[in-house]
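Below: a set of structures, written as structure tokens.
Okay, so subunit A shows up in both of these, paired with subunit B first and subunit C after.
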Partner chain A sequence: MNHKFIRNLYAVPYVIWILLFVIAPIILVLYYSFFDIHGNFSLVNYERFFTPVYLKLTLDSFWYAFLITFFSLIVAYPTAYLLTKTRHKQLWLLLIIVPSWINLLLKAYAFMGIFGTYGAANNFLEFIGIGAKQILFTDFSFVFVSVYIFIPFMILPIFNALNNINPALIEAANDLGASKFMTFRRVIFPLTLDGVKTGCQVVFIPSLSLFMLTRLIAGNRVITLGTAIEQHFLVTQDWGMGATISVFLFLIMFIIVRFTGIGKRGA
Partner chain B sequence: MKKLLTAFVAITLASVLLLVLINRLNAAQGYSGKDTLTLYNWGDYIDMDLIDQFEEETGITVILETFDSNEAMFTKIQQGGTSYDIAIPSEYMIEKMIEEDLLIPLDHEKIPNLKYIDERFLDLPFDPGNKYSVPYFWGTVGILYNPEMLPGKTFESWNDLWDPDLKNSILLIDGAREVMGMALNSLGYSLNDTDPEHLQEALAKLRKLTPNVRAIVGDENKLLMLNNEASIALVWSGDARDIMWDNEDLDYVVPKEGSNLWFDNMVIPKTAKNVEAAHQFINFMLDPEIAAANTEYVGYSTPNKAAFELISEELSGDERFYPPPEITDRLEVYENLGKEMLSLYNELFLQFKMHKK
Partner chain C sequence: MKEKTSPIAKLYLFAVILILYAPIFYLIYYSFNSGGTMSGFESFTFDYYIEVFEDVRLITIVLNTIVIALLSALFATIIGTLGALAIHLMKKRQNTILGLNNVLIVSPDVIIGASFLILFTIAGIGLGFTSVLLSHIAFSIPIVVLMVLPKLAEMNPSLIDAARDLGASRFDVFTKVIIPYINPGIFAGFFMALTYSLDDFAVTFFVTGNGFSTLSVEIYSMARRGISLHINALSTLLFLVTLLLVAIYYILSQRGALKIGGFRR
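Right, the complex of A and B next:
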């Protein structure tokens, strides 16, 4: 009995934390979403969310988040695979993680210089004879920079999954006559699926609400749900609408997490 | 368990050490003293030497914090987390702050230097009798362009921006009032228009501008114009002044249909803790010599008549920044259109931003 009491006591800080910083904010956001711009209780914000403007915004956000996740995965998987084959795994891993220690804003400004009309990227294109192109303020630059920023978060879980595979399993596949491709498809990839899922979630969910890069790198030619939330809270002071978009964003994330089945690990 | 305990103790010790260090540093800079003044200003909008001079003359320590939009400033003052003694919002925001009862009325007896302000800039509709605010700088919204990159092009009218030759070359400000205002002006309407039909017309017109728009940006426009990243930008006159100091090829013009006339005024928010020092500071900044030095540094147009006489001819003789009355007559100050209209302006602006090429 006494033992149980102490165990419950340990849980107190955790429970307080969850209540204050997870449950309470969600309830507040939900609460604000039911008030219109004059502070009257109404469902007008939800009605507004289902107008073409906000639906298109949601679809756009999804599309760009999908692109960012897709390209991150394409680059990250082979990289993580190669990393497990190198001799100084931890050192290489560290080198990949280091850029994520630098402030996001600094990286964005650096890319503005690199991708500018007279920047390094265009100098290179001129040099190899392709000629200067507009890179900054395009969909390409937005997706590129976002992928660059998110890639460490994709590599890490995949690397861990690959690293944890028991080499005996691969040897067994070889002994039983599987080709290299067969081994990858039937043994390695299924065993890293959890890592891939985690990586995709960690990249996809924040990409949905990116807002600083949309202005700095995409020149507001790409608008996401995050841009709209920022505008409603800071500019229009329409907290109700901002909260409503947040509620939908939260719902979408919840569905994604359930759908990709995280938490059912350990199988 | 022992390791965990060691780590716990180590982190606690490190935190305590850092706390002591921070306190020492603050004490060294005088932050912990009682006589401080917290100034909430736009970024790079005051000559720091003048703050030093004020600190020396009065013994009051000035703490400077900056904001990058009126709305962000409003939200922070409304929430009241920090006790700002002075803020420098724009005119439409002052009107809103008065409405929301966020400002302390000024004691004009403590601001004798108010007499130096040009009468044209006193007693304006957003703050009758200057009960709550004193002008700091004023200016216009116009077109900054690079004549070398655009041979033969002039921008007498807003409609010149819709020229099909200008594909992909305009930088707009990321502000609903500025961009919608420009479209309304180009159609011959007031930039305070509240007729929904006129606003829809403005949106339709803006959509036609999309092929010419390179990007919709914030403060980065200075950097981008300096690097010749674009040849045209919609800017505030003060930013134009700043950029033209660094890149002399550029020119600035206020189109003939009219544009926005704006003011940034000093106010004392309700959050103020040192109202006495705030008055001292306002009076200090209105002193002709001080205001002139500040104008030379910031480059915006000064409302201070005596300071205007003191600044260099190069600044005061420039009609682009001190336009003659026939131009100022066509300028309009933003009115506070109310939450609902502001929301509509922003919704339309959002639709414009989402419009693809």
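Right, the complex of A and C next:
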């Protein structure tokens, strides 16, 4: 034990944490992905992943995540933009963020009531003359509830990006004769691109793995990568296959983070 | 030069906020419905609230959740703060460590849960209180690091030099100079760790055994059985607690100590 070691003693818990809870889990998942359900070493899980069943699952998962991200962005961008125009913007922002602190399961549960056969949504449909429909356990309800849950997380980074724009730039654009639309397209939007990327990252990645929503709201109709992992680990006990899907989800995540950059997140 | 917001813009903002809050108030409204369903309000009742307060099992779970949140936030804050300090003092490879630090923030919950499940099984740690506590500490550490690091970065190094020149020991420099300076960051980290823990469902769902449950997991299993106004009453109470926490957080942030944040794993 030299002097330097003792000086750096305080860093030990953190290093142990990195080894045990960051590096070890990644290695363990990779290791398990090479074992079939009987515990024999094999590549069968990878073969299975490249069968149409799992490829379609991955594509579906991507499609849903894309839809969720897309609609979140469509709703969030104007909201963030308008927020920066309000007088007490931090207070309004807080008002938008508070719902994200309510337990996600409770929000999902609320939609079970609202979208239920006799719920508010169907009452409204009856009222305007369309008539009651099956809303719960459809693709629509899954995407809607997911967008609802993710909107605050999309608004926050975009709001921060908009808020950091130097007003002089917009004035300059005005002085040089740019129309409002032109200013937005050429000045404001490019400057908020980092915020948009961060927002897409914090929405897209979690929406690949929303197994609780698929169970509660989509009634097992929608199966995402997350649902499949949960199914393999906790229901069929086929940890090898679950680990293999996790490996691919991890790779996808890595690629997305590489694309959208990291370290420039919300807050 | 601030232009006035048009009525349409105001209406849009108002609509978004309304939609964000509607489901929460929908839950609260029907928690007083004697009819027992989330449609067709019959008459006003407090029955479900009484049921919640008489449900010993549920109260135990609430207490479990709070204990886990406080303990995990405390440990994560200590380890995370020391970690941030270590990263700050590092000369090279800072980015590698930061990259590793952020893995658990960007990873989907399901992967964290599944990989921790494997880890605990291999390590022979029984699933229950310990495994849930360890997981919550583990996924809260990186956020604490990210909250404390900027504070360390903005600290003027001559402060430490001055203290050393004036004869302060290493320990004194740490407790009397560094800690007070980065305190807002530490506090923000603790708060984020607390909300992470209270909010977590997916990771806990993987690593909790049969005997132990937190509120999120319990709400999930109740909701899978269908609608019960029990949950509505519970959500009203949780909403009030959340508002209280938000109020505290807002007051503190107004004092300039914290920035409103919304990191997400």
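One rule holds in what follows: the second predicted complex is superposed on the first by the 244 of 267 C-alpha atoms of A that agree within 3 Å, B and C clash if a C-alpha of one lies under 4 Å from a C-alpha of the other, contacts with A are read in each partner's own complex, and residues count from 1 in each chain.
In this text, a residue touches a chain if its C-beta (ideal position, glycine included) is under 8 Å from a C-beta of that chain, and two chains touch if they have at least 3 such contacts.
Keep in mind that what you see is a predicted model, and the values were worked out from it rather than measured.
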Combined model on subunit A: subunit C and subunit B, fit or clash: clash
Contacts of A:D60 with subunit B and subunit C, given as first, second, both or neither: first
Touched partner set for A:R215, first subunit B, second subunit C, both or neither: both
Which superposed partner A:Y118 touches (first subunit B, second subunit C, both, neither): both
First, second, both or neither for A:F181, with subunit B first and subunit C second: neither
Contacts of A:L234 with subunit B and subunit C, given as first, second, both or neither: both
Which superposed partner A:T79 touches (first subunit B, second subunit C, both, neither): second
First (subunit B), second (subunit C), both or neither touched by A:F41: neither
Partner touching more residues of subunit A, whether subunit B or subunit C: C
Touched partner set for A:Q134, first subunit B, second subunit C, both or neither: first
First, second, both or neither for A:I223, with subunit B first and subunit C second: first
Subunit B/subunit C common contact set on subunit A: 112, 116, 118, 215-216, 233-234
For the subunit C and subunit A complex, residues of the former touching the latter: 1-3, 5, 9-10, 12-13, 16-17, 19-21, 23-24, 26-27, 30, 37-40, 78-80, 82-83, 85-86, 97-119, 122, 138, 141, 145, 195, 198-199, 201-202, 205-206, 215-216, 219-220, 223-224, 227, 231, 235, 238-239, 242-243, 245-246, 250, 259-265
Contact footprint of subunit B on subunit A as seen in their complex: 37-38, 53, 56-57, 60, 112, 116-118, 134, 136-137, 215-216, 218-221, 223, 227-228, 231, 233-238, 241
Contact set on subunit A toward subunit C in their complex: 8, 10-11, 13-15, 17-18, 20-26, 28-29, 32, 75, 78-79, 82-83, 85-86, 90, 92-114, 116, 118-120, 123, 148, 151-153, 156, 167, 171, 201-202, 205-206, 208-209, 211-212, 215-216, 225-226, 229-230, 233-234, 239, 242-243, 246, 249-250, 253, 257, 262-263, 265-267
Touch list for subunit B against partner subunit A, complex: 69, 71-72, 74-75, 168, 171, 174, 176, 214-218, 220, 223-224, 227-229, 339-340, 342-343, 346-347, 350-351, 353-354, 356-357
